[in-house]
């Protein structure tokens, strides 16, 4: 898929939060085959481990997609994005403007406002949004060239709560890169997203909080490939009536 | 997984019916990475193409699992199995005793009866069954060492209609090889089956009736690997309450 | 619906277990509008409260459907049924032969055997069964004139785990009274069962374990009526594409 | 429930579009037991039947909730609302601002804008919205005192596509009247909405397009009562593990 100016081979994007150790994170990144990782910048944090962490991430050679996680207003997100551009040396920004502390759902009003401000400022904006078609339209009008609808609340691992809405989104935006961001918990969720025609999947908790994060990263890599291949192979229609699926071999010919 | 005396690497088993051409079938078999294919023997069929078809299948080098598709009684299934043993030179038999013409569901009574007769006759029986725990117990008592519960009616592509029942089956038979047979329509279905802890997936229509059977065979191969890896990696719990999934990086350290 | 020789107005049948007090049970029975209650006979129990309990139930004037809950073999179920006939003075028997202690699923083999024995002995058998079509056929052959498929494991309140299987059952047995027995947790579950064309719903835990059992009994009574009326009214088809649903009133005429 | 200044007994609100005849509509209204009906005003329509239709509706004695169906911008909706106030003599307005012609989903941006304008103009606004919490907050800030989230696209009859989102809405707005508007297809859908704690259900197509609209209106009336009663009765928890649900009666006491 092409995200702005960049052609990517892998459809998987990986978040870098919540891992037990930076070493496990780096191994998971490699196992996932991803080319893009998201990293958070939070002004309030000063826990001393940041520089080393960042150095390790840089050594993976991954493209960094900084995010504005934890921001609750357009202004805060814009400010954070600008700092992230300085820190990470990229004009890519995953724009999160959280509207609700429990569900971590986007505030779509602030999101559109911030997206416009950042696009005008030269950012390549990756908006974390809902599956609302009209919000998607506004984000495109604001200058976004990719949309990242949620599958379920961040960190919930519930899978795709509303596949029909994602299907409608695919139909409505046939040429816009769509990346399911948040909610994926298992490989089958990731495969399903790709089967719906999504271009990619961004996940974090499902890998970080698995018993074996590296194994799960590998599983997710396979799952997005499986779902993508399945989508391209044009699946059979689901049928209400069962039909026989075994061939008829003539015994005479066989013996 | 170990099926009777045979250790297999791939968790995918492929049916050979309904393909547009034997060439496409053979290519799909190779793309699927499977090691076992099912082949049907039907006494009434004498369409002349059987020998060539069988020769082609033999050249793939796959292990053949003959089935008793189309049989509606224990006696018919036993007779068909014995002919299949002669024809295909193997004591493996996928035992199907169809109880209902529309849903192609197993007749569990005839199934248990036929399984016992065949096991006593030296067959290694692979019974196509429902997700009924008690039926499973009877089949094991009858001498089966593997169970093949359906996911949905044969050829329906509906996916797993009752995942909880399959989960109960896994819990109840922790050491018996379980292969979901029938119902899988998409890669995400196959991945889900493996995430439930199934040992394998047997499918046919989903590949044969895809727009691109070879591509779908490849997709299914990836999907079972993804689901298996996901199962082994111990997935996160699904959570009702969303929690933040992004790390806290200290700005001071980052800059 | 007509169950054997008896025409019933209410489609709800109520179990009598697990209530906090007999008084609450009796009030719930009245609120449910049911005409049939199930009562269990367990030989091992001798807790002293039985006679009074039974007297209270008799005063409700409900038809009693004794059950063989807790029986794990055909022989045990047959013996229990005969005792129940003496105790409760009825040839109706809800036949439960439990095959698995955790899921309380029927042992379909023992069930068919016991059903035949009881029918030959003059019982009117109400078999608690799975949604397996072939098992249903065997039960009818054994002399049953009603089938009671489960919706989900007893006491789980999971609702209908496999609606498609119940739909197939309805299609396959168009004239046999079908009563969903076990699994219903909420009024919407009961309504859904009736919308699928079921003739009745038998439930217990959903009422007994609700915070307000009497209120829930009333809710279930309304739900089965709602579902039945909905089924008879021939519901709209579910549509993938949304269409406008508001009328066009001419302003000129309106003003 | 209390909607603005009005206490209602019935939780069902009925749309008046798409009926085969005004007579059937009026009979369905009576069968539904509703107290509020929605009526559309469309400027472009001048089909001559409007006056009579409106007279018939008036004779039902129902409270009228005019809607702005078919409006695609805030300005158009505001203008339509003002005309509706004149025509129908009420300051109640069901505010629809359609954002997408196929899914008929709300344009949440225009919706909030129009809601504010109408509230400032003295309207009591009933906004047809999505299940987005943040949009809900904006609508309340704009002066709405009730929210009407969709269950699924208008006219689709798909039921509740995202029950978790409605549950979150209930939790987030514990004291705001919430009415599911659009998507309900069957009585069990309506019951489910009420079980989630919704205060009401507004539907149209499910009744108008049923084979027997009057029968379906009655079914829906029962269903909302069933769901409401079920919600108030505090349903049991759904359980993974099945537990026995039958009582233990001592034989000695019984005989």
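Some observations on this one:
Here the chain labels run A, B, C and D in written order, and each chain numbers its own residues starting at 1.
In the analysis below, a contact is a pair of C-beta atoms (placed from the backbone, for glycine too) under 8 Å apart; a residue touches a chain by one contact, two chains touch by 3 or more.
Please read these numbers as outputs of a predicted model, since none were measured by experiment.
Identification of common neighbours of chain B and chain C yields an empty set.
Farthest from chain A in terms of Cα centroid separation is C.
Taking each chain's centre as the mean of its C-alpha atoms, chain C lies 32 Å from chain D. The mean-CA centres of chain A and chain D are about 34 angstrom from one another, to the nearest whole unit. Chain A and chain C, compared by their mean Cα positions, are separated by 46 Å.
Contact of a single residue of chain B with at least two other chains is seen at positions 102-103, 158, 164, 240.
Those chain pairs judged to touch are A-B, A-D, B-C, C-D.
The part of chain A that touches chain D in the complex is made up of residues 99-100, 102-103, 105-109, 112, 130, 132-135, 137-138, 152, 158, 161-162, 164-165, 168, 172. Contacts from chain A toward chain B in the complex involve residues 15-18, 38-54, 67, 69-70, 83, 86-87, 96, 102-104, 153-159, 182, 185-192, 195, 204-206, 208-216, 218-223, 225-230, 232-255.
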